[in-house]
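Here chain A shows up in two complexes: once beside chain B, once beside chain C.
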Partner chain A sequence: MNENFWSEVNRAAGQKITHCYQCGKCTAGCPVAFAMDYKPHQILRLLQLGRGEELLSSRALWVCSSCQTCTTRCPCHIDLARLIDTLRFFSRQAFPQVTRHGMPLFNEVFLRSVKRYGRVYELGLTLQFNLKERKVWRDLDLGHFMLSRRKLRLLPEPVENRKEVAQIFSAEKEEPR
Partner chain B sequence: MKLAYYPGCSLKGTAREYDLSTRLVARHLGLELVEIPDWNCCGATAAHSTSHFLAVALPARVLALAEDMGLDILSPCAACYQRLRAAQEELKRDPELKRQVEGALGRTFEGRVRVFSLLEALAQLGEEALAAQVVRPLKGMQVACYYGCLLVRPPLTSCDDPEQPQLMEKILAPTKVDTLDWGGKNECCGASLIFGAREVALNLIKNILHAAAQVRAHALVTACPLCHANLDLRQKEVNRFFGTNFAIPVFYLSQLLGIAMGLNPRDLGLGSHFVDPQRALRMVGS
Partner chain C sequence: MPRVGVFVCWCGSNIGGVLDCPALARAAATFPGVVYATDYQYMCSDPGQKLIAEAIKEHRLDRVVVAACSPRLHEDTFREVLARAGLNPYLLEMTNLREHCSWVHAGEKELAQAKALSLIRRAVAKALRLTPLHPGRVKITRRCLVIGGGIAGIQAALDVADAGIEVVLVEREPSLGGKMVLLDKTFPTLDCSACISTPKMAAVAKHPLIRLYTYAEVEKVEGSLGNYRVTIRQKARYVDHTKCTGCGTCWEKCPVKVPDELNFRLSTRPAIYLPFPQAVPSKPVIDARHCRQLTKGKCGVCQKVCPAGAIDYTQQDSLHEEEVGAIIVATGFDLFPWEKAYGEYGYGRYPDVITGLAFERLVNASGPTGGRIVRPSDGREPRTVVFVHCVGSRDELKGREYCSRICCMYTAKHAHQVKERLPEAKVYVFYIDIRTFGKGYEEFYRRVQDEGVIYLRGRVSKIYQEGDKLIVKGADTLLGEPVTIAADLVVLATGVVPARGAEELARTLGISTDKDGFFQEAHPKLRPVETHTAGIFLAGACQGPKDIPDTVSQASAAAAKAVGLLLREEIEVSPLVAWVNQALCTGCLHCQVVCPYQAIEVVTEGGRRRARVKEELCQGCGSCTVACRPGAMELKGFSNEQILAEVEALCR
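After this line comes the complex of A and B, so read on.
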């Protein structure tokens, strides 16, 4: 992997990747380790071995819930949750098709709503996401319940200063940080 | 005390009752809340999973708006709270990023504003002030206080001890509700994995409900709209998926406190829960 990848990964970790001594504490506390192909401590190990590209197609990046348990408990002060955010960035770059479904798609649709309205329009977000995942009927019963309790707004409620929100999005650089 | 109120998107929709009950309880406790004019979304997990710049710049606008008001912020949504706190820390730590964010917003930051979760804001009032408002003690009800992730992790932004948080128990002590010692209080509920990795999230939700059932909790208490949506709205789905039969109502902290303060359950938004809280409420004569 190139120089940039290595330095960004180290920067995100907040410590040198080489500091990880494979104690496994991150994996022990990770609530979704059971569903990961590479467990948190293995992510660190692969990076140490210079095999970071194997991680970029990994399912682990997208089942991580960003719960921050690993970051909280690592005795070497490695910010693994933030490191995973950075790997997500490189994963989307290497495999743009990851955003076609699941969490990366959800994130994309979510941010599109924020970009457009300055706020999340929950009903529109859910409908769009379900449509793109071709599961239009998913959660219909829930949606019905929520509408009846006024837990879903029918129309978006945008911010007034949309120019400023647009400025934030246009200043966003295609960089991991 | 007067605070700049940042409801966030969830409290305007899915978590409407959290907004209603927080405002109502605050009013009765003499906490003046002024909604931040024209606030925007904090970006939540979607932003930090996508771009570090967005993850800081979106909450930064909210921080700047509050700075203009000259008030500290109350952020009842745990996710918003964590994003605002994280953005504050990043702006402090990374002057180059701060410069870029200021450029994009056309605003400058002095970094004067403090950000409080609902737990901190209520705890600050002190036990006596809370006790003075309790007119309907919740004796006999056993609850499991559920903190989830973002109120207490990572340590840099935590509002309480990351492993053994106690603020909710302290806040609820004057209500005489029995707060249980249990193992699930800071486990992860899966947050938005419920959309993008459903089975994984259902597993996490089941584990939390199981831990609460094990200690015979009559109800769960939370201070996060994402946790509430997962634990309450998805409980039936968990039962369907795993063949369990959980029926544990989930209160927002502000709702439970409001009941003890004798406020009208309807005004506290208690009619909009998926798992009916009536049985738990009847136990304490509400």
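After this line comes the complex of A and C, so read on.
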């Protein structure tokens, strides 16, 4: 991996990774850093050292909420949010099993729903997600409550031009930005 | 037919690592007019110079081509070699194989070799047409102008004046002193800043050879090396300093109160004021923007109470002309305007987030609080103080790319001062790297840590107000954890930028600035206090961020350079100047319009108008030769014939 991995990520994300001097402003501002196994500045450090395996199997990639606070404040002009996005792509390639649970799985199910209906069909999304995670009864009481308050629709309500939305998906090749 | 010698330099591996220098020499030997060609590792070294001198004698050379580095670096070196060998030094032609070829074409050696040969062919073609030139001589005005009255300007002025040379010192503010006089103590020895700088200010005012202009600015500079004519604008003070005794009655009685910019608005001052008690001169000025008499025409209190009758509301700006031979620029620095850039630190909205210089005023015995460290918002003593490094420095996105050099140390000193005055206070310093390169600096930093100051390695990402606390969100990258601190006072180690107006001054003086707006030195290592414009020198932070020891050293260095120049009776001026072919000149005077040095005059002979070049003013820029329609204007050493021959050789 190492060298190769490093330049590959660099090329894909178009960032000057070597510019980072590890000031930690990204970690300081990150609202979800507390839940990360590797903090944002450590992600960059692993990247600088080309330690791809640890990086791509890290939980942090999927904890990141892409709020872009790190990107906005980085004094070295590094778009970390975009880098993490790129790394997610590499992670899926390297470890296809990551999409079988948790955040990656949710993203997948979410996008599938959008592709199909042009918007999210919440009930279907939740059921599918829970089924795949084998936790069928999770949030059942909450779902029941929301259904009774008509906060959740029973049936999907597709948008008018869902074909157009689907087209976006076919145009978007499986490539990092 | 001239006898040309070609000398190809390897410059170690700089040129030799890319180009085949022996092959270049062999090829050059076949060019028409070349009677000798050779190569050597370091042509500028002593053996290299000897090699040229001996070849000149042995092969009776009368033109020399050196293919090496930029003429900016070594043209003078090789001209001297020619002179020593008995040739006119202007029979030298250099071509730049390093910057123009080997450095930029390292990856394409074959093409580089071909280009190098073309460059040498060009130089030979010009060398064949060189003519001997003789430098003129001008007398020097033995006086020196120093721009800026901070510690750099003060030191330079004193050094020059002590050498027996008259000095004109111009300071923009009402008092000498600059930034240093605002400081409380100086790192790492903790000596009192005012105690060491105010005696020097007084010495300037008393020195018989120093003519001091305060509250004045340099408006225009004409002339050149050795003979500058400087126009100085003395701003209206509305106080006649010849009558004023500095008794202080006026500023005690003045009814106006405005925020004091010297104290970063932490206190107020009257409209007629002395910037600080030790000001030099110790006589007040009226701030015309806030004076009631001057803005509304109603008040006149100071005039009524002045026992000396020194107040004059009708005073106007006045212009003064001074003749000098050299100029030392010492305009210093300003703080990075962080309020405009750092939204995450509150854009200056929170009164308890202050700059390092404002903290310096807070902790200063002559400052607005008499040296008590308190929160500007409510006047309470802070129990938790957070310092943030690198605000505006090392920040490509919002600030400047460079390191401001002084912040690590001044913050360490501030942290020490908090611990000294408020031993119970908790002090945190967020840093990225600690740079303690000076004498005694690292020891000071260790001492501050021993005093209980906690250094956290990480930048601060956000500061916001919650109740009367400031919440500082940073990181400890050594633990790999985010850190949140509830602080009472936050001090930003604000970076250094060139002083306001530096760019205009650069244009007035005709000197260049670097990418960050600091004045450009002639060579970063070997000519650090000179500019590319002969006779203009640099001192202090106007050339780049600097602490006080470095500033003072550089000021003395600049003074030594200026004195070295001014002690000469007369100087040689470059013979590479324009001249007018009188037979072709039509007297249209387009040249006069484009000349940036006012070096063209008109002569009328037999009813015909002609242009003439004042050689002592001409800088050889060549603008006139381009503007001249009949082609009457020629630049010596760059004649039309020579340049066309070069173009032809290059196109072959």
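One rule holds for everything that comes next: the second predicted complex is superposed on the first by the 160 of 177 C-alpha atoms of A that agree within 3 Å, B and C clash if a C-alpha of one lies under 4 Å from a C-alpha of the other, contacts with A are read in each partner's own complex, and residues count from 1 in each chain.
Here is the rule we use: a contact is a pair of C-beta atoms (placed from the backbone, for glycine too) under 8 Å apart; a residue touches a chain by one contact, two chains touch by 3 or more.
Since the model is a prediction, treat every value here as computed from it, not as a measurement.
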### Message
Quick check on the superposed pair: does A:F89 touch chain B, chain C, both, or neither? Answer first, second, both or neither.
### Response
first
### Query
After lining up the shared chain so the two structures overlap, which partner does A:L127 touch, if you call chain B first and chain C second: first, second, both or neither?
neither
### Message
On the A-aligned overlay, A:L105 touches which partner chain: chain B = first, chain C = second, or both, or neither?
### Response
first
### Task
In the overlay, answer first, second, both or neither for which of chain B and chain C A:T69 touches.
both
### Message
Quick one: is A:A33 in contact with chain B, with chain C, with both, or with neither? Answer first, second, both or neither.
### Response
second
### Query
Touching A:L46 in the superposition: chain B (first), chain C (second), both, neither?
neither
### Query
Is A:H77 contacted by the first partner chain B, the second partner chain C, both or neither?
second
#### Entry: Most chain A residues touched (candidates chain B, chain C)
B
### Task
Quick one: classify A:C23 as touching chain B (first), chain C (second), both or neither.
second
### Summary
Shared chain A footprint, chain B vs chain C, residue numbers 34, 69
### Query
Of all residues in chain C, which touch chain A in the complex?
344, 390, 394-399, 432-433, 457-462, 473-477, 480-483
### Message
If we count contacts the way the header does, which residues on chain A are in touch with chain B in the complex?
### Response
31-32, 34-35, 62-63, 65-69, 71-72, 79, 81, 85, 88-89, 92, 101-108, 110-111, 114, 118-120, 122-123, 129, 142, 145-146, 149-153, 157, 159-161, 164-165, 167-173, 175-177
## Note on the structure
Touching chain C in the complex, chain A uses residues 19, 21-30, 33-34, 39, 41-42, 69, 73-77
### Summary
Residue set of chain B touching chain A in the complex reads 9-10, 12-16, 38-41, 43-54, 57-58, 61, 97, 100, 103-106, 149-150, 153-155, 162-163, 187-188, 190-193, 195-197, 199-201, 203-204, 207, 233, 271-272, 274
